[in-house]
Amino acid sequence: MALTGVLRPGHAQIRVLDLEESVKWYTDVMGLQYQGRDKQGRAYFKTRAERDHNSVILRQADQAGMDFFGFKVLDKATLDDLEKKLQAYGVATERMPAGDLLETGERVRFKIPTGHTIELYADKADVGSACGTTNPDMDVIDQPGIIPIRLDHCLIYGDDLEGALDLFTKVLGFTLVERVKLEDGKTDLAVWLTCSAKAHDIAIVRHGEKDKLHHVSFQLGSWEQVLRAADIMSKNRVSIDIGPTRHGITNGTTIYFFEPSGNRLETFSGGYDHYPDMKPITWTWDEVGAGIFYHDRKLNDAFLSVVT
Amino acid sequence: MALTGVLRPGHAQIRVLDLEESVKWYTDVMGLQYQGRDKQGRAYFKTRAERDHNSVILRQADQAGMDFFGFKVLDKATLDDLEKKLQAYGVATERMPAGDLLETGERVRFKIPTGHTIELYADKADVGSACGTTNPDMDVIDQPGIIPIRLDHCLIYGDDLEGALDLFTKVLGFTLVERVKLEDGKTDLAVWLTCSAKAHDIAIVRHGEKDKLHHVSFQLGSWEQVLRAADIMSKNRVSIDIGPTRHGITNGTTIYFFEPSGNRLETFSGGYDHYPDMKPITWTWDEVGAGIFYHDRKLNDAFLSVVT
Amino acid sequence: MALTGVLRPGHAQIRVLDLEESVKWYTDVMGLQYQGRDKQGRAYFKTRAERDHNSVILRQADQAGMDFFGFKVLDKATLDDLEKKLQAYGVATERMPAGDLLETGERVRFKIPTGHTIELYADKADVGSACGTTNPDMDVIDQPGIIPIRLDHCLIYGDDLEGALDLFTKVLGFTLVERVKLEDGKTDLAVWLTCSAKAHDIAIVRHGEKDKLHHVSFQLGSWEQVLRAADIMSKNRVSIDIGPTRHGITNGTTIYFFEPSGNRLETFSGGYDHYPDMKPITWTWDEVGAGIFYHDRKLNDAFLSVVT
Amino acid sequence: MALTGVLRPGHAQIRVLDLEESVKWYTDVMGLQYQGRDKQGRAYFKTRAERDHNSVILRQADQAGMDFFGFKVLDKATLDDLEKKLQAYGVATERMPAGDLLETGERVRFKIPTGHTIELYADKADVGSACGTTNPDMDVIDQPGIIPIRLDHCLIYGDDLEGALDLFTKVLGFTLVERVKLEDGKTDLAVWLTCSAKAHDIAIVRHGEKDKLHHVSFQLGSWEQVLRAADIMSKNRVSIDIGPTRHGITNGTTIYFFEPSGNRLETFSGGYDHYPDMKPITWTWDEVGAGIFYHDRKLNDAFLSVVT
């Protein structure tokens, strides 16, 4: 097949400080569909358009952040193959049993050099989108909440950016789409990577600490939906970090905002297609502001400092 | 790599009745960039956003239509490998020499069972987009013409749909995204296929004759850009077949219209992502109208009859 | 005051064949707010954004059509003054008592030369918009239905267009915004009139019969909301006459469609501002198609023939 | 007529520090049409859509700011009448001769209690929009620059807000649309006024100094055009104060930015209709942030301090 190996971001497990409040918020404000809880008490969600059973898992904890981020792979043979490649590369892997996450098959779990836990899995129950697969009507926005299309990507902060970049590109088949250079013109401050033809499926920023989350991102259908999302945030007194604005990197339009536990989320729209035959785009240190926030052409304080 | 094999539609060679007039029209109305001519007199174009040297090639001829449609593959090894697989499948292939198309490497050419000529190639000169790959500014719409983002896909009409579907999925690694069934509920009237995660990279409709073109399609950035395209068409007295409207199939918003030689083109925006782990969507015969034109829920006469 | 006299379209009484079905349809599909019934059984609606108690009144009848169209005037003194001017002009007027329409004051009713019944009134209870007048939040689209902003205008068909034009401009202070000429280049086929700075508050097309309705129109906030409306129509199997498309006249984007009794409604967005110091725009007979439907540049059969 | 008296904002004379540079900037970045210079060296501009000869006049000066803001009135009789009413109210008026501003008739000039110079005039040469008044095609965006639709309104800062409010509403027929109250719940911090049915034709903020300009505002056609404007600003390294974002007051979407001399301009889209029968909207002191910048729900430092 033309698209094989790692297909797409599939799930993110997010730590929240008050699970009841968070279930309500992710339902009412984000407009996600609540899919139930498991024995550990974790709460599961999907978007209306997603077909697989869940994409967002909330876990009650004392500290906000992201436990792990999972990618769906083509099939079980691919899962076995990638596990072998990870081990051959020197990465320790762990098999999480089928059913540990609701309606989800076995997962191969491992740590990347930035300290984050990444998972691969081949199976998650296809419970169907809001429209089904026979003569589907359009899914018109007709209820409260932001109602994103999909869990799209995450941006993580960690120390060994080179190590993570090497693993994602050499072992997992990701392509480098954009990069920001430090003042020396050589070292990467940040990289954007894709496993498909999207502008990004994961992004990594160099940071003093390991295993930090900058944001988990959800796709919207248009710049006007970005505006609607901002209006909903204001109505619900959600703290907006920045936006609506545009990223120079990826060209996407965006809002960064904080959910009740302080985790930063993003709702974005747009972004170009990137194929593996294309050269990556490079941003130099003096233009990093325009790369991150194209209209202001400067970073806000929070971008480099606030993580969970 | 996660995206390998056949990457994307790369070029379409379109037959036009008056090359001078057509060069002017594709420049002024479509807003494509003229890239020059070859020794045979063929005229080359790309969009502002495309990086490779050309995507649309116009050839003067007595009859409108499409000579061939080409897909870019990952690299030369992939090209060789796919050629062998095509031959093993029983398809005769021909090597078109590098340079036969301007700034384009060797192409593997073959006929599919619907009679269309398809090409694969690994190399086309990267001449860069309007924005470049270092600290790129946004490419703002600031000149006449529709200015599409990219050559996106084509829809072809031919007789042996099953044969073409088999070849695209089994040999070239495409995935079936949507299908329309005939009254018997079994036979396909039409299929939409992707080699990436787009809703379609090529589509095929069953038809009495071989080797017919329904339309070549170009992507726009938003529904508002679709409106701008329709306004430009009207200002330039372009014959619109239908639109602006929405397809049920792919969910894309669209205009079908005719260039000066009578070839149908499409400018569209949107459409969902499709991954190879997802079930195809099926449209039954009684709902084919809504599948093709979601708002009218019926086919216009031209859809099934006018081809070049 | 700068804006005085006739302020705006305020209410339309529409005849429907099945009131129960229609109440459900205007609620669920149009997304209007049901405001109750009066003793005669008429059903009342307003939009979420409108502040006055009602703008659409449905009356059960054997034949579809519009009973009357009402304009709100600045105050009671204006109402008295305009009644006198109408009488001085030779128009018979009738006072409909306060409360005849729910929450509505006295109305001055009269027939215009095209046979239509027009009303003026100064008072309708201000029940408030969905947002109120203190620290209002944005009214985000968050429920089923098209949810227009306001009753915007109507287009009526009748015989004595010159007579109606004279009355609206000379007595009621309307301004001619656009006109379409017949083949003789002199006679008006149609006129668009405003009492404010909108592109139209009422429009009139010359027609063999008196007192016919072409459409009642509702404003939407954007071209993307026009698309959402078309999607909702398709989901609800509403018969679309034409659209989404654009009018050359007014520049508005539009959908014409039929409610269950066969009355044509419009949802539109945009349109320029017109002030009384500006010359009217004229469309010649050969370009009337582009004036009405800018993209197709031709009239569809229904435009001139289907009225209620 | 229904719309009489003061019709609309017609021209603003802005002081710039370097006229040559400013002419280039208002042409290339704002996308205004240069209309020539007068004997005093002032440079004139209009938008593509405006019909009157000029709306923006630039004057070279040592200090940025706005010399005067002019409103067009219905006709000469209205001009005479309003002059008499101003004088009767106690305002000294001055007649500026016809031709003092290019292609502009006599102007009645006076100072309002906040120290600003306001003008009324009845005549300015109708040079026509880009589309004309016979069978006009749509004016599609097809060249560099922001290309606003019209000069829309201004926001001025001054001390005697009550005095200005009284003059605009009692003498000039403006309507109060929205107001922001100070902490005492009684005193107005700011008022938004209309002479038509727009959300604002002028706005006034209470301030320690007289005769200050906060911004001159230009209308755009959509939220997507606001995004295009922001992209153009970034490409041209224009300093953006805030935006794209939304105002709670008026509901308009907006960007505030600075032209080369430091005058703040606005490009905005949207905003509701307001009629003189409607109650004004009131914002209390604790919600003023949401009123001004709806998404952030707080004022940025510049809003209350940076004026010219």
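Per-chain numbering from 1; labels A, B, C and D assigned in written order.
Throughout what follows, a residue touches a chain if its C-beta (ideal position, glycine included) is under 8 Å from a C-beta of that chain, and two chains touch if they have at least 3 such contacts.
Quick caveat, the model's predicted, so the values are computed rather than measured.
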item	value
Chain B to chain D, fewest steps along touching chains	1
Copies chain B and chain A - interface residue numbers shared by over half, same or different	same
Farthest chain (mean CA position) relative to chain D	B
Winner on C-beta contact pairs when C-D is weighed against B-C	C-D
Computed distance of Cα centres, chain C from chain A, in Å	47
Inter-centroid spacing, chain D versus chain C (mean Cα positions, whole Å)	31
Distance between the centres, which are taken as Cα means, of chain C and chain B, whole angstrom	43
In chain B, residues with contacts to at least two other chains	137-138, 222-224, 231, 234, 246, 290, 294
Contact set on chain A toward chain B in their complex	1-8, 49, 51, 72, 74-75, 126, 133-138, 149-150, 172-175, 194-198, 221-223, 246, 248, 251, 270, 272-273, 275-284, 287, 290-291, 294
Residues on chain D engaged by chain B in the complex (per definition of touch)	137-138, 140-145, 222, 224, 228, 231-232, 234-235
For the chain A and chain D complex, residues of the former touching the latter	223-224, 227, 230-231, 233-234, 237, 240, 243-246, 253, 255, 290, 294-297
